[in-house]
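Note that chain A is present in both complexes that follow, paired respectively with chain B and with chain C.
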Partner chain A sequence: MTTGVEGYMYPNEITLYWSVLIVLYPYITGLVAGAFILASLERVFRVDAIKPTYRLALLTALAFLVVAPLPLQLHLGHPERSFEMYFTPHRTSAMAMFGFVYLWYLMAVLTVEIWLDYRRDIVVMAQSSSGLKRWIYQVLTLGSNNISERALAIDERVGWLITLIGIPSAFLLHGYVGFIFGSIKANPWWSSPLMPVVFIFSAMVSGIAAVMLLYMLIMRLRREKIDMLCMDTIASYLFYIFIIDFSLEMLDLIHRIYEADESFRTLNFMVHTKLYFSQIVLQIFVGTLTPIVLLALTQVLKLPEIARKRIYTVAGCLTLIGIFAMRWNVVIGGQLFSKSFLGYTTYKMALATREGLLMSIALTILPLFILWVLVKLLPPWPEKVQSGTSAASAAN
Partner chain B sequence: MVALYAVGTLTFLGIRAFFVPHSFGQYGHYRGAAITEIAAHPIHFAGHQTCETCHADVQEMKKTGMHAQVSCEACHGPLAKHADDPSIQPAKLDTAVLCVRCHAASAARPKGFPQVAAAEHSNGLPCETCHKPHSPAISAGGAK
Partner chain C sequence: MNISRRQMLILLPAAAVAWESVLAGTPESSPNYKMTDHWWSMLIDISKCIGCGNCVRACQAENDVPDGFFRTWVERYHVTDWHLENPEVISPDGGKEGFPSVTEDDNGKYFFVPKLCNHCADSPCTQVCPVGATFISPDGVVLIDQTYCLGCAYCVQACPYGCRYIHPQKKVADKCTLCYHRITKGLTTACCEACPTGARQLADLKNPKDPIHEFLRTHNVQILKPQMATGAKVFYNDLDGSVR
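Coming up: the complex of A and B.
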């Protein structure tokens, strides 16, 4: 007898094919898109207060973007076949187009913007360092050693343009992920034109929260003072975007309740049973309403710095938990009920398998390790660059 | 950086030209040569028209019954070898196993479709004990 099945499931619905790795994939791409949009606030919209996090946000986006395809590769197996997406592009398949969306964002947007922004520093560090580091920085200059005022002004203009292109690209990257789910008309839990929009706003929320937390953590590790104007500004953006995100999700929910189509009773039952903890408790109360209330307190009350720091930390952590729960409820929730609307199945996560819990934890930690390497290689902190410049000047 | 991207693109195009089969895209999003390769595979199914050239009596019985639209090889399996050489006899079917593939009670099946809980309905007896597989309805004279 099959365990974990209540009522009737079609035979191909009993086992969930999209595992926790497919939960992780939109979660990671969301962090990428959100971090990039936060960076673009400074670059394009001239929000100078968040300048201290600009480079960190870009490096965070890159670190997570590098890892983004790994859950898919592990889920599908045969990573060597993934190149077929590029060799024989299937233009009418949204899934097959992912390769191009990803490549565009990685190679035409993020890498170029980071390189242009760091080019001057890379040249300076190539001159001031020695040994292996010198060789690495020399390679990273790509032979472009001109750091004259005119060359840097061109870098600035091109960088601005790339960021401008990057904003719709970030929307495309994560809107695409929402589109994949939203366009599956056979699944009423997914099929909604609001899905890409909700994914984009939730991506912004998670990316901003992640960069905010990383900045505070790194400042603490470096024993440096946190720029509270920067944090307050980021928190206010997080608060307002969170309000929009929550409103959109509630709009979707109210629309479903009012429409009450043939799937409603099944989905309603699922939300009150199998998804109760992950959706009602974790996603809505713990991961959305609590951080919104906490962030609202910082907007309406004059709280001391230490209280604001603590609130931002708690709100940021809860936000990341809530957005992960949202991805979980979309991906796993959409596979728990039968398309006959007559039964439910259960998802039991494996532990030490290719698609298990340990692999998911490893894939979540991996971008942080990559970020650590990137921060070591391309320090986002201005004083490092200044000291590098002075060293280079001294050498000259 | 532009030069690097140009070299990267050219390298990609070179690799693509090497790996993508020449006949890819000839007719659609697949290898054109695959059609002839597949056509060269041995044929397993004869098709009901071939069966009916020799088994006209079965065809007559079938066409008035509920299984009129069910192709012979849907139950009997692929029979091209038997059609080529009638001395090769198809395997005898176990109706206790075969019929429930379609007629076991299931909430997913349309309500009007004949379906039974086999254990209660026949107590394990083969279905052909009561039903003629080629015209199964008892009311239609299908009973033995």
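Coming up: the complex of A and C.
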């Protein structure tokens, strides 16, 4: 029972209760929030250059948001009781608000925005397709078939408003996840008012990197030309937000080192031993400094297109690894040391259990599969829709 | 016996109601117990603890505590000279079977610290529970409604003292109940009863005749991690500064 323990742990602390699934939870919600914020840049702040990724970003956010509660659900001792969080939420609990924040974001923001944005296309596709597809699109119109200019102008205005509400909502969704950890005073590794802010910025970084990679991948699969102006713009946003994110994390680190409170020696030792690979190597060097330097190169030097594409691909992948490592270090790292500050335990990931490695891999792949279905159902790129429109007008 | 159709129509729902009550079981009655008359706490006298592990065994037997988890446990501290920040602490199997003997070849001191849920008045664990399955009762005992708990383990993370765990079979949070089933009947806790030296004393802060008041007035008493501001109600006499 006590294998993997160094020094002294309170006897009930030897087992870790928040597993890799709880690492996935902030990772996935972070991708949602980041992808949404990227989309809102185009919609609210009129950054036209990134228009090619607007719809893809929204669909990515939706695909990941649908999966976001699954790791939580699978982790619960009694998943069948989770609905109690909706019916009898405990007002003082940070976690009790998850269901509401989640539902608000899913139902009031993301699906409404996607629906409004796609409404015209859905109506057109409902008219131009046949069989099951036609039936699906007809259901998706929700009986709203008016695509007159006036109706579309209203859609546009409401969509804009929803995005405007959506930005603070996205911040709320992920900042709130940070607060769940940051408000635990018993755990000095988590307890920090910076936690929600760091979570928000790391979310933006991961979401933007994910959409950038997905866009390049899909364009490659579709054998279409990558819009480099769009990629360059996204990469510059990624770069600047990454710098803010890294600065905040360093501020937290420097503050801890300088203040050196009662937990410092324990945490410092942990970072240099048990978390050395995941924190120093993966998170800081591989997942943060390397992509920042790579992205900085593209900002400073005039590199040819092929080089920029490769740099964006490598930097994007490393970013996603780095942010995953960051979530890992927060969630797992926060449970590796004893609250007595006298010892350390070890996390042993199971393989094929409900909270094991295979399940977490499945949960990572699932949103990509959902995204594939969504992209098939609601093509994000105009050319497809245009052909649909022309088919529809031909039919008319 | 002949039962008419009319009688049957009356009997069937009556039987159903009766069966419901059979299934629900009879709540344990404590007719003379009034929750608002009590505010429970515990007094632990470090100088009296001999590390025998009786309390841990009694607790496990009384409360059916699963192996490897502890509602109460005993730690042995070894502090050398001025190294208060680096005590050497052990608690083999929660101190259930006592402790290995020591060789007295250094200038350090050894002492035992029994631990249990501090039944905090401002407990972080009840604060974070998303459904309110864990709560503080009007008599000051932090309890868990295990038929309601989701098993999310947020309370386990929030407890600064490491007193909570997820029950491996029930998949819900579990911890010391201060033997609520006993104290509401006028008994003391299993651990206090089993302690051979009286190092653990159940105390009722609302009872003016409880000896704890005199004790608190005349001794140097401390709680664990006062900086956490949890309103802990387990009071330690003679607590060394190295204990955390």
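Assume the second predicted complex is superposed on the first by the 392 of 396 C-alpha atoms of A that agree within 3 Å, B and C clash if a C-alpha of one lies under 4 Å from a C-alpha of the other, contacts with A are read in each partner's own complex, and residues count from 1 in each chain.
Basically, a residue touches a chain if its C-beta (ideal position, glycine included) is under 8 Å from a C-beta of that chain, and two chains touch if they have at least 3 such contacts.
Just so it is clear, the structure is predicted and the values come from calculations on it, not from any experiment.
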Partners on chain A (chain B, chain C) - clash or fit: clash
First (chain B), second (chain C), both or neither touched by A:K51: neither
Partner chain in contact with A:K309 - chain B first, chain C second, else both or neither: neither
When both partners are placed on the shared chain, which of chain B and chain C touches more of chain A: C
Chain B versus chain C as contact partner of A:W115, first or second or both or neither: first
Partner chain in contact with A:N12 - chain B first, chain C second, else both or neither: second
Which superposed partner A:H90 touches (first chain B, second chain C, both, neither): both
Which of chain B and chain C A:S144 touches, first, second, both or neither: first
Touching partner for A:K133 - first (chain B), second (chain C), both, neither: neither
First (chain B), second (chain C), both or neither touched by A:A186: second
Partner chain in contact with A:H78 - chain B first, chain C second, else both or neither: second
Residue range of chain C overlapping chain B upon superposition on chain A, of 132-140, 168-176, 186-194 or 222-230: 186-194
Footprint overlap on chain A, comparing chain B with chain C: 8, 10, 88, 90, 340, 342
Touch list for chain B against partner chain A, complex: 1, 4-5, 12, 15-16, 19-20, 24-25, 29, 106-108
Contacting residues of chain A [partner chain C, same complex]: 1, 8-15, 17-18, 72, 75-79, 81-82, 84-85, 88-90, 92-96, 98, 180, 184-187, 334-335, 338-342
Chain A residues within the chain B interface of the complex: 7-8, 10, 83, 86-88, 90, 107, 112, 115, 142, 144, 340, 342
List of chain C residues in touch with chain A within their complex: 68-70, 73, 75, 87-91, 93-94, 115, 124, 126-132, 148-154, 156-166, 170-172, 228, 244
